[in-house]
Amino acid sequence: QERDSFRIAWSIYVGWMPWGYGDAEGIVQKWADKYDIEIDVVQINDYIESINLYTAGSFDGVTVTNMDALTIPAAGGVDTTALIVGDFSDGNDGVVLKGTDDLADIEGKRVHLVELSVSHYLLARALETVGLSERDIRVVNTADADIVAAFNSRDVEAAVAWNPQLGELRRMPDANVVFDSSQIPGEIMDLLVVNTEVLEANPALGKALTGAWYEIMERMSGDDAIAVEARTIMGDAAGTDLEGYEAQLASTTMFYDPADAVGFVESGQPLETMENVRQFAFEHGLLGERAPSPDFVGIQFADGSMLGSEANVKFRFNADYMRMARDGEL
Amino acid sequence: MKRIINQTPNRPTGLALGLLPFVLVLLVYMVASAARLAENPNDPLLPSLSAMAEAFQRLATEPSRRTGELVLWVDTAASLTRLGLGVLISMGMGLVVGIFTGLIPYVRRAFSPFVTVLSMIPPLAVLPILFIAFGVGELAKVVLIIFGIAPFIMRDVQQRVEELPTEQLVKAQTLGASTWQIMLRVVLPQVFPRLLDATRLALGSAWLFLIASEAIAATEGLGYRIFLVRRYLDMETILPYVAWITLLAFLVDILLRLINRYCFPWYGGRRS
Amino acid sequence: MKRIINQTPNRPTGLALGLLPFVLVLLVYMVASAARLAENPNDPLLPSLSAMAEAFQRLATEPSRRTGELVLWVDTAASLTRLGLGVLISMGMGLVVGIFTGLIPYVRRAFSPFVTVLSMIPPLAVLPILFIAFGVGELAKVVLIIFGIAPFIMRDVQQRVEELPTEQLVKAQTLGASTWQIMLRVVLPQVFPRLLDATRLALGSAWLFLIASEAIAATEGLGYRIFLVRRYLDMETILPYVAWITLLAFLVDILLRLINRYCFPWYGGRRS
Amino acid sequence: MSAVTAKNLWKEYGDDVVLENINLHVPAGEFVTIVGASGCGKSTFLRMLLGEETQTRGQLLLGDAPMPSEPGPDRGVVFQKYSVFPHLTALKNVMVADELASARLTGRLFGGARRRARERAMEMLQAVGLDHAADKYPSELSGGMQQRLAIAQALMKDPKVLLLDEPFGALDPGIRKDMHALILDLWQRRGLTVFMVTHDLQEGFTLGSRLLVFDKVRHDPQAPGAYGANITYDIPLQRQSAELYDEVRERVGAAEQELLKENAR
Amino acid sequence: MSAVTAKNLWKEYGDDVVLENINLHVPAGEFVTIVGASGCGKSTFLRMLLGEETQTRGQLLLGDAPMPSEPGPDRGVVFQKYSVFPHLTALKNVMVADELASARLTGRLFGGARRRARERAMEMLQAVGLDHAADKYPSELSGGMQQRLAIAQALMKDPKVLLLDEPFGALDPGIRKDMHALILDLWQRRGLTVFMVTHDLQEGFTLGSRLLVFDKVRHDPQAPGAYGANITYDIPLQRQSAELYDEVRERVGAAEQELLKENAR
């Protein structure tokens, strides 16, 4: 049904900081006014909680990775559309070992990570590359906020983390990043997803959000004073500074230009990635105990191709709005 | 008509009244759940009672796909072990520190303000320090519980010791007791049931710290499971787990009451 | 030589003794910090006292580059507002429910078991449910505090009401008081100081829940800040914040004591 | 006019018989003292007169009507402890009686009504000799003063019957004698019917106009609760109460002085 | 032989003078009863005899040596309340005296030593008439029985001096008389020196062999703490104690019966 007031949740992460900036600087407001709607952008501290709230219907959209979008809202029956693919992790997630720089040495260790998150997925992909499986290690669920402190403890030898924590781990003496997401480029995507039904009934929401996003992108990219100031503000909001934030950006492939994003989404990569992801998710019970096979949830891609059940499509990649941005139709 | 404060329900009415709120909550839940499920049968938020019962049974009786363990029992054993250790050590520390600070003026002056300040520090905020000092294994979890409840128990025991009538201490001295003998034969046995009362009061916090520590770094445990499955909003697991924890908390509380009743028949008990 | 229980330090000795543990802890910290910093001057774990003092001063006096606000004061105001609201509402609920369940047998039978069960549910475990039910605004944080401490206060107030000597209630009736008047003029004023005592006991948990809820969804607040910088292990901020929270907790506790002392001169007070 | 009548009165708690077949007729204006072994049911009987407990068999009449089933303003009461409200000053403890009657909703009076209630209360405090302590809290009063206050409070509603459960049990012997003088004075002047439980046989004899002894007549060692207590002695104390009053007053004042003088060297 | 001697004894708390220039000489074997207004320092004096408090000026001698500065086994004590250990049965409350003496480290005896301590304790319980209640906890005993127990406990160490601070203050008059008989009996048989504080003047006169009255001689209304109490009367009660004992015993037994008979119709 048609509405004129919407709520979007975001959480602190390098690729999503622009939302906070756009909200504070009035850019989101400006675009919402243009389409005569209201958009409330809310920061949620705890990433998982923000997704849960979206799934429960408290929000119309949320910032999320491709994997969590599949396993939480989509598997929970909420038809979800990836409206904007903002970036993919290109070294922002990594496996860190103490005292060795060989990934194979991970065998038999207790690995600290946020269980069932993209870190877990990254670990699974990393283990494949050295012919190991999850059975060869022991996963210890560790809260993302505490992983840095935990790694300082003598009995922790291995961890998987994302930025900014990864940066902190990297700086510690004796720590080595033995595998990172730049070795599986494009597999960990940072998205803005919205509820499909809401989007279909209110295309203005999609247009306003996409328009705002790419205006922010334009502002923050480059080296002019405005861009530097924007990145300073984002760094500050993330609890670090300009330098720290730029270090994080360096390991992120931002799609500053909508054309790049459209190109990425329309390539075959998302399908390939989601195939891996859904197998992983199924193996770990992330699709729910009642999911009989990975095909339980259907995934639709920008070119119309499909994975899984066509009767139960709950996760869709949509390039329409990014294309409009590319073509200047917003 | 009597004033309402002078009216007492008879036994069956009383029982029925006591059940009423539970039945009401259950009904409200069932209606809300049915309404949500009618809209979206996959909605994870308010699963039906039968789905929860099924999930609980599965957790209790079917080996997990990933680890081959009976999840519920593994979690329960792990959590109760941590809780038990943390609480027992806290009790020991509370007893020793409380008796010394309560009984010996010099020790009281030296440690009582320190313990008071210690008890005001929010333990969750100093987690990083605990990690670094005690690692992230079982020890850290037990230490978090101790850090959370031991200062409280120490203060409570100290107060109970200070409340002992001076008359008793004087009497013991006129019977020739030394400080050590007074501790052993007069103070310790009288403080023990009060220690159990203090522990009962502290158990709520102990459960909280247990869950918080398991949420932060663990491979099994009741809190671990809840925070893990929270990742995919698996209320089918969370709600039965919450009920299970509540039941366990209840049983531990009753156990402590019974110990007090049967081991210390002379003790009238503190209300609460 | 007197027995050690009969020896009391004089005032200056007592004060010195009380300071001793604090000085010791400080010394140990300084030595440990210096040792770590000598090894690695960038070590974030145990910052020097001067670094912490600097960080604290910066937070307290320099406007944030991003928002132009004085971070420490914004955080403190936000947290105290939530805490205050949560605690006040809990007190109100505790007072009303406690008086009714304590005084009126029918109400007691109906709600007392329910409140008991409610007080056993670990609030952290139902955190996700609370956020969904109450949104992520201020309301949810306040509700978490209420959920965490109101059942405790209700039970405590109920017990205090039940402890009122029957003689008083009978006396009031022989003076012609109705149930409502008994509540208003006999029970309420007598229970009020006890309510403050119960609140003091519950404040530790209230802080805990405040910090936990701010960790999950907030844009300012003491718990939010600690959580935010925890990712960077920024102990320069965390430790002064912990000290600050401890100080605030202390002041609130003292405030409640003073209110009790001055507003209820007839009330001897419950120890603890 | 008869104040209280009991006809074949029984009180049982489950299988425990506390009072067994009590028959009693007390005319208005009597001062009944009740003694008996601990646990024999004296307080229970008083609680029945209060309306706190109901008989399980038989009849209990107040005047000609059945005893009301809950406490009310026609029967005042003073217990051994906890009779006064610790959170109110002496004056307010007494004023509260008028406030409750006049302000059904708030239980408080304001303005002129408050001033009048205050005056009435001050008079009552004066009557029990507490006017100098009007602004003190009960915890600041001695045990004897607290009991004076409790009596003042109980008399504010002008009850026909005054019930006293060991009112002086916790007081020192000297103070106790002052209290005897006070209660006799009030009984005289106000024409009260008084029921007073006491543990002090002496007190029972010297104070009342009639003494009741409660005791179990039958005993079953196997089942201590099988039989209840009855009135085993009902002794009219043969003195004109006015005379008695003077006599007691004299004795109270003089006794201690004499003792001291006699024995001093 | 002199048991207790006070020479120019003062006791001050800061600026508050509690006791002022007390001079006293009590030979061994006396039964000293102490009376005085509330708060005048009777308990303080007793606490000084106990060693709990120290004089601020003057001398206090036990025998010929200065009073020890803390309580010890040569001076037994019974308070009004809390004298016995609630967590021990009556028997163990008495046994504990021997256990503490013989087992310095554990405070417990085993085997034969335990049996002997048990026998001694049973004898003492018998002496105070509590042998039938040996296995009861204090909370299961009546007030009078608790005080008997406290006395038994206090006598286990064979103290030369027995200090009693209103030991019967909380008891009913009837029971109080039994206790008087008991304490006189023990005093007689064991040759104790007894100091007993009481609020009951009557008790002070009939029980002791010597009565001390504590009172303030000087008063300063501006500064109530400026002057302390002194001994204003020191009355030797001129009776042979054996006679007295018999007399009291008779009175106690007979008094109530007579009262009842006289007045019964």
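Lettered A, B, C, D and E in written order, each chain numbered from 1.
The rule is short, and it goes like this: contacts are C-beta pairs under 8 Å (C-beta built on N, C-alpha and C of every residue); 3 or more make two chains touch, one makes a residue touch a chain.
Predicted model only: the values in this text are computed from it and were never measured.
K.L.:
Quickly list, by label, the chains bordering both subunit A and subunit B.
P.N.:
The shared contacts of subunit A and subunit B, listed by label, come to C.
K.L.:
Would you mind telling me which chain pair, B-D or B-E, is linked by more contacting C-beta pairs?
P.N.:
Most contacts of the two pairs: B-E.
K.L.:
If I superpose subunit B onto subunit C using their CA atoms, what angle of rotation comes out, to the nearest 5 degrees?
P.N.:
The rotation relating subunit B to subunit C comes to 180 degrees.
K.L.:
At what distance in angstrom does the C-alpha mean of subunit C lie from that of subunit B?
P.N.:
It comes to 18 Å between the two C-alpha centres.
K.L.:
Can you work out the whole-Å distance between the CA centroids of subunit D and subunit E?
P.N.:
Those two chain centres are 34 Å apart.
K.L.:
Roughly how many whole angstrom separate the Cα centroids of subunit A and subunit C?
P.N.:
Centre-to-centre distance between subunit A and subunit C: 37 Å.
K.L.:
Could you grab the centroid distance between subunit A and subunit E? Build each centroid from C-alpha atoms only and quote it in angstrom.
P.N.:
Roughly 83 Å, centre to centre.
K.L.:
Hunt down the residues of subunit E that sit against at least two other chains at once, touch-wise.
P.N.:
In subunit E, residues 70 touch at least two other chains, as defined above.
K.L.:
Show the residues in subunit B shared as contacts by 2 or more other chains, in ascending order.
P.N.:
3, 45, 127-128, 132, 173, 178, 215, 230, 233
K.L.:
For subunit A, which residues are shared contacts with two or more other chains?
P.N.:
52, 56, 146, 148-149, 152 - these are the residues of subunit A that touch more than one other chain.
K.L.:
Spell out all pairs of chains that touch, sorted by label.
P.N.:
Inter-chain contacts occur between A-B, A-C, B-C, B-D, B-E, C-D, C-E, D-E.
K.L.:
Across the complex, what residues on subunit D touch subunit E?
P.N.:
38, 142, 169, 172-174, 199-202, 205, 211, 213, 233, 235-237, 256, 259-260, 263-265
K.L.:
Could you pull out which subunit B residues touch subunit C in their complex?
P.N.:
3-5, 7-9, 13-14, 17-18, 20-22, 45, 103-106, 109-114, 117, 119-129, 132, 152, 155-156, 159, 162-163, 169, 173, 178-179, 182, 204-205, 207-208, 211-212, 215, 223, 226, 230, 233, 235, 238, 241-242, 245-246, 249-250, 253, 271-272
K.L.:
Within the complex, which stretch of subunit A touches subunit B?
P.N.:
That would be residues 48, 51-52, 55-56, 68, 71-72, 75-78, 110, 112, 115-117, 138-143, 146, 148-150, 152-156, 284-286, 288-289 of subunit A.
K.L.:
Which residues, counting only subunit C, touch subunit A once they are in their complex?
P.N.:
40, 42, 45, 64-67, 128, 131-132, 135-136, 214-219, 224, 227-234
K.L.:
Which residues of subunit E touch subunit B in the complex?
P.N.:
50, 52, 70-73, 75-77, 79, 81-88, 96-97, 99-101, 104-108, 137-139, 150, 153-154, 156-157, 159
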